[in-house]
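Next, two complexes with chain A in common: one pairs it with chain B, the other with chain C.
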Partner chain A sequence: MTLADPELVLPTEAEEESDVTARRQGLLSALWRSPNGRAGLILVGLVVIAAIAAAFGGTPYSPTFQNPATVLKSPSLAHPFGTDQFGRDIVSLVLDGLGVSLEIAGLAVLIAGVVGTVAGVIAGFLGRYVSAVIMRITDMMFAIPAILLGLAVVAALGAGWLNSALAIGIGYIPIFVRVVRGPVLALRESGYVRAGRVLGFSQGRLLFRHILPNIAGVLSVQVSLALAWSVLAEASLSFLGLGPPPPTASLGEMVAQSGSLASTAWWTLAAPSLAIVVAVIGFNLLGDGLRDAVDPRTRRR
Partner chain B sequence: MGQKNLVRGVTAIVAIGGLAGALSALPASGAARPATVRHAKSGNFVVANTSSVQKLDPDVITNFLDFQALGLIYDQLVQFNQKLQVVPDLATSWTFSNGGKVLTFQLRKGVKFDDGTTFNSADVVASLKRVQAPKTGDASASFLSTVTAVVPEGPNAVKLVLSRPDSSILSGLTSQNLSMLSTKAIAAGTLAKKPDGTGPFAFSSWSPGNSFVVKANGSYWGGKVTLPTVKFETIPSEQSIASALEANSVQLGLLTQPQVANHLPSSFKVDKVLDLSYRALMLQDKTGPLANVNNRRAIACAVNRKQVLGDAVFGQGQVVGPVPVGQFATKPVSALCPTPDLTKAKAALQAAGDPSGFSFTAITSTDLDPTSAAQAIAVQSQLAQVGIKMSIQNLAGDAYIQDWLKGNFQAAFAENGADPNPYTMYFRYFGTGANLGVPAGYSSSALQKLLVQGDAATSTASQQRVFNSLSSNLTSNAVWIWLFDSFDYAALGKGVQGFTITPTRSLQSLRSTTVS
Partner chain C sequence: MARRLGSMLLTLFGVSIIIFLVLRLLPGNALTSSLGVSAGLLTHAQTVALDHYYGIGQPVIQQYGSWLASTLSGNLGVSLSSRTSVASLVGSALPVTLELSVLAMILGLLIGVLFGVFGALRPGRLVDGVGQGVSVIGLGIPSFVIGTGLVTALASLFHYFPSSESFASLSGNPWLNLQQVFFPALTLSLGIAAALMRTTRAAMLEVASQSYVRTARGKGLRRATVTWKHLFLNALVPIVTMSGIQLGYLLGGTVIVEQIFVLPGLGRLLVTSINNRDFPVVQSVTLIFATGFVVVNMLVDVAYNVIDPRSRTR
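And now, the complex of A and B:
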């Protein structure tokens, strides 16, 4: 083989950039073309808008404002999802709770994603001894269900916003390691990476310019799915009383508190449950859509 | 592909909906373990509560369920009846002599301990000496603070020599921390592992955090016990207890939340009683911002007790001061701010030098008191109105009790036992050498004097005067923030008859309870 071989002509940096942009544009339109992706985008969009509105004080009432005059009022125009036993507006609480859920889930996925990706890339790209060590640690973590690991971490560190994120994040690291390592192993042996190696490219350039962009699609699917699990895990921890303490609004805690009221004031249970369902389905569908969009087989179809 | 997506979407919705439904049926906060709801085996009468039995030594217990469960195994010299009058238990009669400084009890004959030994005056002496021994760590040792000697008068009578006339001694002797123990068991040192009493039931087994089982005492002095076994099960949410009642896996549900108790199907009989206890926000007044009396006063004036009562138990109870019941009940409930007064609260903060407020942490345990979460959320929001930031830390039942006993908290939402006699209630917290002085977190010589004066007073009128000053001293110094007294509910399962709930929460009527 010589450098004149057309298959081995490497793209210039400018060409690489434009290729990535094209892929991104293609990804978005492919996502919109997939019914799952479209539904996911809409639901996630709604959830994110609601959370941002709550973060900037855009709730109809203050989520912490307790009004003895409006205790346990059923849904009405003034309070579309009714009020709770403290006379607080449930829409405002749910919006605030969604924001908190997304913040915790986002940070958890960031922790799991960054640590998991770095470990996965190292395991896939470096020598087999390093890989063996990382993968055995991953196997050990896999042996413990993520929610149990989360419970243990919160029990050790104490309940709170940051600890919840940390607990959930740690639980989902092994999934990212597994998901990343596979493609990196395959890419390491691909023609263009081997060519880069022959041309004397540094490990860093090979990693950041040739390998990481190629696993971005897989990662984005994983991030979306992990967000769905994390929202659910956060709700579970709060339900068990291990989430951020009041006055921080929390969907899981609202579900727990309203358990005893469900027969008399169904709306106290309905609204937070619905919010959890919408957020989880949204991120799941978005993940499904992304998978369809980045999978060459389904794209061709 | 569209059809496939639709199927996938519907499956996802059903799965997540199912999960949400399952979540709502699970036990609530603080419980990292699933509810242990099992079907009652034939003859197993199951009593369910959110709390679990914490300790077996009756002298050191402080948890309400411990009192209820061990109350089936142990007897005292005297007990309260439904009207809160002192009536015989293992003492059949008593007389005061020597100007009220000697109290002689005649003891019941033919009473046997579970270990087979016969109850006599030596057991009374050994039991009361054990209460007084500092190393025992008895939670109510202060009830015997005036007792200088316990002298047997033959096998069936015992004499208590008092340092001064003590009007509260009898009500103190009703306490389960002053149970009658077997001399043999005391010598063997086995009481913390194997209860050994004279009550209608005998100890069978204990699985910490999970269940506690007693069996009928065949040689009970009070007659035949109808239920062969009683099993206490921990079910960490009252909603789950209601479900277990409906499923007939629980025969008696001990509840505190009216929203659960009042909404059981009408086929269930629910007994309720305004219990002999009170909810308070206990403050550690020795360090930090709460050491400043004006900061405490700001809390006392910012708290809206009526609203806390409404939020926590839907108004089913009454707002109370330090003495919740009886002829010495505190009226008005606070000498400082009987009703919330934010202007006064802000003025107190100004006087404390903290005009913009301060921060502190309050502990709760929804295992021990399921209403404490709502109390804390209500108080937190009320205090925020004047700039006081209260953080909430919810603890598991055993962790809460440990921290509480060590005074390892700034503030604690607590449910404490009450008594018609203010001396009995507060000497153990604020008296000289008070054995619960650490969790009380406050001491003053004025309070110590008032307690002794009230107890030694010879007329009801002078007692009334002193105990009014006591209440006023406690509330004007905002020693703690007294909140409310609420109902206890006993939900009876299908076919359960003959059970009555008492203000002292005694479950003694289980001895004649039947299940058809």
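And now, the complex of A and C:
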């Protein structure tokens, strides 16, 4: 083992330092101080509360209740975003769809995050040959646009709740592999990990006590950005009619349905679109804010 | 160059394996997809004969080998739902998608780079503000929402909906064709323009702080010369990188936009085939999309060498 290349160690020390400051101040307060982070926290908070409310039946009306008396009514006090062609309350439908969308996105990111992180850690921490094989496969997955890989998976498995999550998750795996492998490679050669190795710590202890906690920040940024992408991808799949089949509420499908109605009933397009946009922008801003909070180098910008 | 070509071929080989494996996860197979439920009524002998016809009984590696061999020789198989050759389906769809992508990329580059360059020249002024507005819309609002909104607005405000007529080819009726392709391309281009605008603006501002730019201004060069020769040419590398990244987005985007605007391109063919479980078509179209993506990425790599002499030394 050669002496550490100073250029390799320096950024890691800066990261350690930032990690200490972040921990001292608390991640949440660091997030709140960056304008992006604050906006992201508020939007994501709204979206998550709405989705949880919908999951526990907290929608103003039943999302499946069809009332022939209120077909395509424009927004009013009783129905703030009007009703659809079956007389269902659009706010309730959107809240329900948002819940489904977050569930699918969450599961997709869980799949991508776990598989990608494990592969990235192995590629960064273990031998050169394993690493080479994993990175080749990652490169090849990168060569297929993620949404296309998702479409191929849906083509293979058919449309459905779990299949949407799988399709979206698989497309995002290579990004997690790349994001995790870099820092693990750098940390493996950092001063304190080398010191730990000299002290005779086991590989497992080095990995779980000294390396993984230090990539948590990078990982949290990526999770947030992945959620934004997954909400978008889920809406795209269901827009194409390849999401979960009808009884399940879905924002993308609502947008697709509104195509023929929107010229007379604009609210059928506006409401689901607004929900998608708020969720996507919220997670993106949260990711930017987390990056500011975790990495001091970008804070100036 | 030869090394790069080699690694591109290797990547394509890997891509074909991934696509093949993903599509072979299919619980059904070519047989059930072409016969539907009635596949269950076949006698054992009939099943065996049909399996043999479709090549399902063979080991996976052999299936992959024969698929690759016939694909490379230009035989993409026969569509299970329309009974025509996949090559002819792809042949009529590919030009539409190419035209759409090229037009979207041109529009995206024009809008993004122009707003980026002129926004960076006077940050915070009107042009910059409009550009920032476009970038917020393009980045925050998904293309299917923009597309649906655009179709609705055109139809209800102007009673204008060129897509309602059957699709005209570029050579057959260029005027109608351009009308039919322009709005989908515009929809797609907004996302590209937004990303390119941000990149261009940031890169221009970064270069603007260099001392040679001050020198060029100081010695009295014309404004336009400084803007395009000193600033823009030196800001080009991140712009080209971002254009390459946007191509992946573009390919995914054509699938959605062709659906909204009823364009008979590859994306629409892909979605229809997925719904029909038309396996050979899905396989070929996915492979063509991925090949296009890989080839363009290699071209972006080559472009670096042309615009940035420093990257040639490696």
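Note that in this section the second predicted complex is superposed on the first by the 273 of 301 C-alpha atoms of A that agree within 3 Å, B and C clash if a C-alpha of one lies under 4 Å from a C-alpha of the other, contacts with A are read in each partner's own complex, and residues count from 1 in each chain.
Note that a residue touches a chain if its C-beta (ideal position, glycine included) is under 8 Å from a C-beta of that chain, and two chains touch if they have at least 3 such contacts.
Not measured: the values here are computed from a predicted model.
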Contacts of A:157 with chain B and chain C, given as first, second, both or neither: second
Touching partner for A:201 - first (chain B), second (chain C), both, neither: neither
First (chain B), second (chain C), both or neither touched by A:140: second
Touched partner set for A:273, first chain B, second chain C, both or neither: both
First (chain B), second (chain C), both or neither touched by A:240: both
Which of chain B and chain C A:192 touches, first, second, both or neither: neither
Which superposed partner A:149 touches (first chain B, second chain C, both, neither): second
Footprint overlap on chain A, where chain B in one structure and chain C in the other make contact: 151, 155, 232, 235-236, 239-242, 252, 255-256, 258-259, 262-264, 269, 273, 276-277, 280-281, 284
Partner chain B, residues of chain A touching it in the complex: 35-36, 39, 64-66, 68, 71, 85-86, 151, 155, 159, 232, 235-236, 239-242, 245-247, 252-253, 255-264, 269, 273, 276-277, 280-281, 284-285, 288, 301
Chain A-touching residues of chain C, taken from the complex the two chains share: 11-12, 14-15, 17-19, 22-27, 140-142, 144-145, 148-149, 151-152, 155-156, 248-249, 251-252, 255-256, 259-260, 270-271, 273-275, 277, 282, 286, 289-290, 293-294, 297
Touching residues on chain A, where the partner in the complex is chain C: 136-137, 139-141, 143-149, 151-158, 232, 235-236, 239-242, 252, 255-256, 258-259, 262-264, 266, 269, 273, 276-277, 280-281, 284
Touching residues on chain B, where the partner in the complex is chain A: 1-2, 5, 8-9, 12-13, 16-17, 19-20, 23-26, 28-32, 237-239, 257, 259-260, 263, 307, 310-311, 314, 366, 373-374, 376-378, 380-382, 384, 391-394
